[in-house]
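Data block below; observations after.
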C-alpha cells in the first residue's frame, strides 16, 4: 500500500456495527492522513453475497459466523472474531404492558416481536424462547434486529428481543430486562480482509485496529462482549 | 328581446361571445328550419339552447324557464341529433336508442321494445345488435335520429339530420318526423343546408349569418325575398342589396354577352367568369362582377361565347325580371 | 389480391431496434433467473405450510387491493378528472406522493397515522379496533402503495376519453351517476383494466410498507415477498425457488387476464 | 343566464363519498408523517455530503430512467400495440413480470444476468466492462423496475387511441416512422406523460433492486431510499427528515410538471 | 372481370366477404359518381380500393397494378375524403392540409404555402391556425377536401364530400373540383346521395345495391332508365321491374282516386297512403301498393280526397306516360 495522497478503502459492515465502525473509521482516517474509509452498511447476508460476487471492498465484518462462511471464497485472511453480543428483552420507556421481567411476555395481551428465524438474531431468539419454554407466539418476526427495536421504540410492540448493544444505543427510549440463559447463546462478529482488495495492507491495518485494544474499548463501551 | 315572455313554445335569447347573438321564438308544435352558411352559428345556437355551451341570455320552453334558475342539461327534456352523430361507441344500436328512455326511468323491457320499434320505423331494425362502428354512415345517422326522438322530448334539436341519408330514407324520415311533430306540443329546430327541408318541413325559417339572425319568416316568404347571399344561393336566385332594399332575379333571366349590352336592360355588370357547372339542361355560370352573380345559359350559348374561367363577360337583366322589396323591420 | 396483412407497411427499424433492446433488458434477467433456479426443489417448497400461508395472504391482500382500487380509487380518479373543486391540483399531487415514497417510509407514514399511537390508530384502539399485526394492516399497506398507480392510470384514461359522451348522455336525461355507470366507466375500461393490473402487480411485489406497518408473522401478516426477503438472508437458493412460485402463479394469472383485457378495447 | 359552471349537475354522493375515503386513505398518512418530522434539523440534514451525494445519484438514476423509457420503452409499447408478431402475447406478459417481482428479487435477477458471473455480465467483463456496484448498475436497476410501468401505460394509451389516424396518415403517403412521429405519438401524449410520471416516481422510491444489484456505496450507488433505509436502522428521526427531503424535492417537481402535463391533453 | 386489363385509368375488381363484390373501370380524367342506398357498400368500395379493408380481387391505377405485388397504402398516391372527415385532432387546419405534402417530401415552407393556397381556395384561409374541434362542421369538411386534393393524387376517393356544406360553398367546390380534375389524368370516385352531383359532376355513374353493381352508365342514361328503386327515388321516378324489363313514369303522371279508375289507364294499383310531404307546389304522396309508389297531386286535390296516412286509394297511369326498356347485359 501507500500512504501518500488520496487512497480509499471500503469496509462492508453489518448494520448493527453502524455506530462503532463509524467511530473507528474516523479514528483510522486520523491515524492515516490521506486515507478515506468508505463504509457500506447492509445486512450481513447481503454483504457476504456481494463480497462473493466481487463487490468492491477491502474488509468484511458480519454479525455472525454463518454469513462469514458463505463469503469464504472471497476472503484473503482468516476471519477473526472481534466482538460478541447477547440478547435482552426491551420494552418501551413507559412500559405500557407493565412488564416486570422476562416471564411476563407469557401474559395474555402482551405483544412482543423477534427477528425472523432465518436471520442471525432470529436464530438466537428462537433458541432462547425454546430454552425458557415460552409458549406465547410473537406478534411479528422482523427481518432484522433494528426493525424489532423500531417496533418497540415506536410503541407498536410491548416488548422485543434485541442485542445488548441495541438496548444500550436506544438509551432512555427503552427499559431493559435480562433474558435467562442468554449468556449461553452469544453471537460472534468476525472480520476479514477481502481478495478483491487493492489496498491489502491498509485493509489489514483496519482489521488490526478493530482487534486492537483501542478498538476493543470502543466495542465494550457500546455494550459488546469481547471474545 | 323576449326576456319576460313565456310562451307555450320556445322563447329564447342567447349570446355566445364572438360566435352568436340570437333571439328565437316558436309556437308549440312548430318546426323551425335554421339555415345559414358554414360557420354561421347554427350548431352553436343549438348547443346554447341545450345548455352545452356557456351562454348569456334566457331560454324558456313550454312555459318554463330553463335559465332562471338554471335547469341542468339532463332535466331539460330535449332531444339532440349531433352533427357528428356521437353515438355511444360501446353500446349497440338498440342500447343507444334505449338509453334516453332508461335514464328517464322506463323499465329495461319496455325501453328495449320502444327502441326496437323506433329502429324498425327507420328501417334499421335488423341492425339493432350492431355497434356504431359496424354501421354505414347513413345507418348510424338513422340510429342517432331514433335516439333523439325516442324519449319524446319537449325540444328537438336536429343538426343536419338528413345529411348522408339516401333519398328514399330521407323522404321517409321527413314524413316520419312530420308525423311525429304533428302529434305533440314540442318544438323542433332543424339545421339544414337543403332547401327542400327548409321549404317543405318547416313552419318557419330562421336565417343565421355571422352569428346574428338575418331573417325569420314563413318558408315561402324567405325563399321569395331572401336577404342573404346564402339563402339566395340556396333557392337559386341572384339578390342584390342596397341598404334595406333588395332586388332579386333568377339566373335564367340573366343574359350573358361578350360586348357591352345595349337597349332596355337596366341592370348590367361586367366581370370575369369564375367557373361553370352543368345545371339541369343548362350551364350555370358563376361571374365575379362587383358581386358574385349566377347566370344559366344553354350549352350551345356557352360554347358559342367560349365561356371558360377567366373569360370577361357582360351580364344583363331586364327590369321586368327583377323583384324589389324592403326588409321588414326585424 | 389486395388482401394484405400489413397494408401500412413493415415496422421501421428505427422503432424495432430500440423496442428490441427494451424487451431484451426486461426479459433477459428473467430468463437467467429462471435458468438459475433449482427447479428440483420447486414442488417441495410449494408444499410447505409457510409458503401456502404466504401465498394465501398475498393473494388476499392483492385481491382486496384491486377491489379497493375499483371501489374507492375509481371515484377518486373521476373526481380528479371531471370535477372542478378547490384544491384539486394539490390533491392530485398528493395522490401521487405514495408513488415517490420508498415503501419502507410509506410504512412509517402508516404507523404515524394508524399505529397504536397514531393519530387515527389511537382513536380506533379506544374503539376496540387494533390494526397493526393483523391481516387488515397488510391490506391497508398494500392498498396505500398500490392505489396511486390505479388512480393515475384511470384519471389519465378518463381525461383522454374526454367529456364528449358525458354531454351526450346528459342530453338524454341521464344523471351523473347513470352517466358514470353506463357511459364514462365503460369507455374508460381499458384504462381501468390497465390500472387494476398495475395496482395488482405492485401489490404482489410489495413488502417494505407491509413489513414496517404490519410486521411479518407467518399465517397472519407474512406475504410471499416478506418470506422471500427473509429466505434471501439465510439461503438464496430457497429464495429463488420461492420467487419462482410467486412468478409462476402471477404469470399464470397475468396471461389469463392480460390478453383478454387488452384485446377487447 | 344559461351560463352555468356545472351544466351536468353536481357530482353524486355515491361517487363523492368513496372518492373522499380514497383521498383520505392516501393523504392522511402523509399528513401525520409530515407532522411527526423533526423539521428543525431539516436544513442540517440536507447539507450533509451523504445526502447531497444520494440526491445526486437519485436524480441521475431517475432522469436516465425516464429517458430510457422514452427512447426504448416507447418503441416497445408501439410494437406491442401495433405490430402483430409471433410471440407477442408472451412478450406482453413477460414485460409485466418485473412489476410482480419483489424489488429484491428483481435485483437478484439482474445479478444472474449482468453480475460478474452472470450470463451477459461474464461476457461484458471479458470485454473490460464491469457493471455491478457502479452508478451504471443503479441506472439499470431503476430502469428494469420502472420501465414496465411506462410500457404498460403507453401501450394502453396507444390501444385506446386506435389505428384510425394511422390509416389516415397512410392515405396521405406517410411512412410508418413519419406516422409514428407526427400522428401516433402526439395523440398518445397523455399516456406517454402519465407513463413517464409513473416510471419516474417508481424510480425515486426504488431501493430493493438497487441495493442488491448495485450495493450501497456512498457517492456511487447510494440513493436517497438506500440512505433512508440505512438511517431507519440507526436513527428513525433522521430517516424521517431524509424522507421529507426526498418528498419535498419530488413534490416540487411533480407539482411543476403534473398539472401542465395533465391539463393539456 | 377485368383481371388482366390495364388501362391508363382505373380498373378494379374487389370483393369483401358479405359486403361487396364489384368491378369498376374508369378512364383517365373521369369522375365516377358512386350512388346507392345507405349500407349499399359505397364506403366499403372506396376503402377496398385504398387498401384499407382486406379485399380479394385486383386493382390497377394508371397502368400500374396495386395488388400484384401488393402496394402499400402509403405508396398508392391516393386522396381520401372520409365520410367522418377524420381530421388529425392535434394538428391545425393548415398542418392537416400540409401533412400529405410533407410526407411526400415537400419542404415545410413549400408545403405550408401550398396548403394555405388550398385553404384560401376553399374559403377557410382565415381558419388555418384552428384545431379541428374549433371548426364548424362545414369548415372541417372543407379542410378535409383540401387535405385530400393538395398532394394531387392519382386516385381521388371522395366519400360524400359535399354533405354538410352550405349551398354556396358546395357549388364553389363542385366548380373547383371539376377544374382540378380537368387538368390532370387522375380518376375521381365520388360517393353522393345528391342527384345534382351525380348528374352534373360525373362522367359516369356506378349504382351499387346490396354490395353489387346494379347499373353503370352515363349520368343521363342512368337517370332516364334507373334499374333500382333507390335511383328512381333519387331522380323522382316510379320504376317497376319485371325480370329484366323496366317501366318508369313520373309521379306527376299518376292519378290518385278513391274509387277504382275506369277507362284507358292500363296500369293501376290499390294501396294505403304511407305519408304525405310537400314537394314544391305539389303534395307528394307515398303509397304502399304491391310496391311503394309516389304520386304528386295538387294541395287542393289532396284536401278533396282527404289524403292522410292509412287512407286507401287507387293509383293509375296512362300507358303513354310510361317508358319501357330492358337492362343492357352487364
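Chains: A, B, C, D and E, in written order; residue numbering restarts at 1 for each.
The rule we apply is simple: a residue touches a chain if its C-beta (ideal position, glycine included) is under 8 Å from a C-beta of that chain, and two chains touch if they have at least 3 such contacts.
On a predicted model such as this, the values are computed, not experimentally measured, just so you know.
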Output for shared partners of subunit B and subunit C reads D, E
Measure off the straight-line distance from the CA centroid of subunit A to the CA centroid of subunit B, and report it in whole Å.
86
Chain centre separation in whole Å, for subunit D relative to subunit C (CA means)
14
Would you kindly tell me how far, in whole Å, the mean C-alpha position of subunit D lies from that of subunit A?
34
Based only on mean CA positions, could you tell me how far subunit B sits from subunit D in angstrom?
53
Touching at least two other chains at once: which residues of subunit E meet that condition?
52, 72-74
Can you list every residue of subunit A that touches 2 or more other chains, as numbers and ranges?
46, 147, 150, 154
For subunit D, residue numbers touching 2 or more other chains are 7-9, 167, 170, 175, 232, 236
Pairs of chains, among all present, that meet the touch criterion:
A-C, A-D, B-C, B-D, B-E, C-D, C-E, D-E
Write out the stretch or stretches of subunit E touching subunit B in their complex.
36-40, 42-43, 83-84, 135-139, 141-142, 159-160, 163-172, 174-176, 178-179, 193, 195, 199-201, 229-230, 233-234, 274-279, 284, 286, 309
In the complex, go through subunit D and note every residue touching subunit A.
111, 115-117, 132-133, 211-212, 215-219, 222, 230, 232-234, 236
The answer for subunit D against subunit E in the complex is residues 164-165, 167-175, 178, 182-183, 186-187, 189
With touch defined as at the start, can you tell me which subunit B residues reach subunit C in the complex?
50, 52, 72-80, 82, 86, 88-90, 99-100, 103-104, 147, 151
In the complex, go through subunit A and note every residue touching subunit D.
10, 15, 18-19, 38-42, 46, 50, 53-56, 144, 146-147, 150, 153-154
